[in-house]
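Next come two complexes built around chain A: one with chain B, the other with chain C.
And then the complex of A and B:
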């Protein structure tokens, strides 16, 4: 396949592979835990990039898909005793369904109005779930410790979740690349550059936008289930953290929106930095202030992000830095 | 070439709030011809294009394209039937290369090409409009004349039956105009029907088979370029003064009455 001959594809995939394999090679629980978060953010940021970077629509409340997917998956895990894989698929499906419904309604809004609407949806979903009895209301739900026995004990379960996340991160990166290099992707980028002109050229913008939104929602839904399975309990405050949405946007912008490599680098870089800030006694409460500052600086000085900046500075590397 | 009607506009009207932008427009465009659309600024020329290709649905009337009623179809629906257009104010997809821009035109137009066929089509069209040397450049880096060519290439790559050109000559210098007119003729010779809005009078009069004139949203004249140029209503619309029009006609045709000269 054409894809396998692209150096940019290999660079990104090998980066994710190298990062992901660090934990099994070292067999260290610490490395596993930090790489779990890195891979999770790589997958979240790359997913967000499909709607934000390719299509040009700022989904500010994108974490709603992570939260809803987490809740739905967790419900099947804890209340219906399903195993992880089908429960996670249900999480992804729920997120995709929500994106489909939203796509048909709010994607006709442009610019700031769309961004505002997505924030509203995250908050509305949090309020809805807080009042839903079957999802445990404000206290949420938790998994009985014995559930992990099915997976060969808690440690084993943690490794399984880790490899699932690793696999997902690879899937998202490959998906980003396939979309970018496809006719569908060309339509999305045309919408980003000038939606009216794209429609005049024949791009079925409403349909293309809706599918890109669905595509960017499905993986966060699956990730939500994995995350809360590992966590052991879920509650509304944890599932619909708006600041996580904003941090994901920072990652995409930092690395370079609209590129495949950008969100990967941005997520890894930001996650490592966040880890440092959280554990550093001087900065530990300033992590979000830093995220805000970083976003401001990026938007003002390097709107194309690290990868975008490198692409303009070093045109010869364009084939590698996709 | 057979004279079947490719585009028919019947009684089209469009109102924006208190402004009646188009009144009862009727026209027929035979296949293979070049139809010019002229009129003073604000006459409703671009609005007519927008009503035809679905950017604004008309309030009244009907638009028929190749025997099919396209009134109220979204712009992408119209584009996919083989009706392409360019914009008066160029709208390049800035972050894409010239080639990718043209490929997008080919991918989503009438032919619904896949990427590799679109790339082949894009290369041909870029050669036709003279953009081949710029293929790898970002569209944002082109100058105005090149952007106009890009608009044209993108529309052409869709292999449309009918091409709406909205002031492709505006902002070009005389050499560039001459080149563009050549290109327009070459496009017509490929069998594509053209409907063009133009302000550069000598060019539109030169290249069009027929011309329609709009003024304040009304169709005030239609005919061959020579007929339209001699029409007093047209002269009045452009110059605003019937007396002045009269005088100009006289100075063109030679003196007819001494009294008018004073």
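And then the complex of A and C:
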């Protein structure tokens, strides 16, 4: 396969592999917990990158897919006693269906109007779920501790979710590479550059946009189920946190939107930076303000992100930094 | 039902005027420079604390007296934000300005939380209430609505009766043409951002006389401003006032028929619907 001969592909995949294998090698719970978050953000950011970086549509409330997937998966886990894998698939399916429905309607909007609509949808979904009795209303749902026995105890369940997340992160990275190199991906990039011109050249923009939206929604839906399975309970406020949505955008921007490696580096870098700011005594109180300052500096001076910046500065590296 | 409905509706409509002023700030900035100001909510919260500090910390300044002071500080603050964070990305894709203003919001919230904590504050201004026929309303709410109308009228006169206002409308209409006519567009943009910020802090100041608040309270009003801005047509300040009344009316009406928690479902449902059916707003934006 052509893909396997690309150095850029291997660089990104090996990076994720190395990070993900850190926990099973050290067998340390601390490493596992921090790498779980890093891998989750890698997968979320890379998924978002498909609609944001490739297609150029700013999905500001992208966390709605994470939240809805989490809720649907959690419903099957806790109320219907399904096991994790099929429940997670249901979560992903629900997110994909929502994206398909939305894609047919709101992707007609362009620029800031689209961004605003996605914020509105996230808030509407949060408000709706708060009122739905079957999802537990404002207090949400929780898993009984005995559920974890099915997976060989709580520790074992944590490892299972970890490996599932690891696998998902790898899938997303491979997926974003495949999409980028495909004819479909080329269509998406041309929509980003000039949608009208792309349509004149024969790109079926509405269909392509909708599929890219669906692709970028599936994995966050599955991740939602995994995350809340591990968490043990789910509430509307945790599931549809707009702030998390924006943080994911920051990760994509930090690494470089539209590149495969960028979101991976951005997610890992942002997670580490936040961890540092939260634990460092000098920055602890003002961690949000410093994170904001860092974001401002990136947006104002390095809008292409780390990978984008390196690609313009060092053209020779372009083959490696995809 | 009716004796419940009318007071609730009146309360909602009165607060709707204040929502309208907050949304005017957002929509003015969008109309002039096509920037969605994601720092709008924290700026509203700053307005609340501005009034609080001048009233409760030693000075004892009446909130209605301190409102112009807070407003003037708001203009300056807005100009500073524009110069530092927005000016460089004014012609960049939307994502850049969205993230730049979001970064400002993170900075305000970060500094605010470390200085003020996330505790709930109240201004503690009690002016009693008046009864007209079957309706009883608190005076603070009545005055807040009155001040909002006054501010909206002032903005209208400024935009349509002064030469600076004309320059702002010209830049909103076509920036390059305005520059060719010798209008200093950077200064006009900075001033517009300042005015938008001023409207936000004034709305915040008025809300602080009615409801308890904390540094994170602005977020809810920011989302309301989005809804109102889209209802009235983004970029149409006077449409925002009508949008505010519609939203306030809904907030008064819905709780009479079903639990209050359904209010946001309707608000955001309406928001998405309007965006889909008529992105230019109910009245069409005046470009």
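What to note about this one:
Note that in this section the second predicted complex is superposed on the first by the 310 of 322 C-alpha atoms of A that agree within 3 Å, B and C clash if a C-alpha of one lies under 4 Å from a C-alpha of the other, contacts with A are read in each partner's own complex, and residues count from 1 in each chain.
The criterion applied here is as follows: a residue touches a chain if its C-beta (ideal position, glycine included) is under 8 Å from a C-beta of that chain, and two chains touch if they have at least 3 such contacts.
Fair warning: this is a prediction, and the values are worked out from it, not measured in the lab.
When the two complexes are overlaid on their common chain A, residue A:291 makes contact with chain C while staying clear of chain B.
When the two complexes are overlaid on their common chain A, residue A:154 makes contact with neither chain B nor chain C.
Using the contact criterion defined above for the overlaid structures, shared-chain residue A:204 touches chain B, although it does not reach chain C.
Of the two partner chains placed by superposition, only chain C is touched by A:117; chain B is not. Within the superposed three-chain model, A:101 lies out of touch with both chain B and chain C [touch as defined at top]. After overlaying the two complexes on the shared chain, residue contacts for A:134 are found with neither chain B nor chain C.
With both structures placed on the common chain, the touch criterion links A:193 to chain B but leaves chain C unconnected.
Look at A:21: by the touch rule set out above, it reaches neither chain B nor chain C. Of the two partners chain B and chain C, it is C that touches the larger number of chain A residues. Shared interface residues of chain A, touching chain B in one complex and chain C in the other, do not exist. Those residues of chain C whose C-beta lies close enough to touch chain A in the complex are 30, 34, 36, 84-85, 88-89, 92-96, 98-100, 102-107, 109-111, 113-114, 223, 226-227, 230, 259, 261-265, 267-269, 271-272, 275-276, 279. Within the complex, the chain A residues that touch chain B are 181-183, 186-187, 189-190, 192-194, 196-205, 258.
Looking at the complex, you find that chain B touches chain A at residues 53, 55, 74-76, 79-80, 84-85, 87, 91-96, 100, 103-105, 107-110, 114-115, 118, 154-155, 158. Those residues of chain A that touch chain C in the shared complex are 52, 56, 58, 60, 105-106, 108-109, 111-113, 115-117, 119-121, 123-124, 126-128, 130-131, 138, 246, 249-250, 253, 257, 285-293, 295-296, 299-300, 303.
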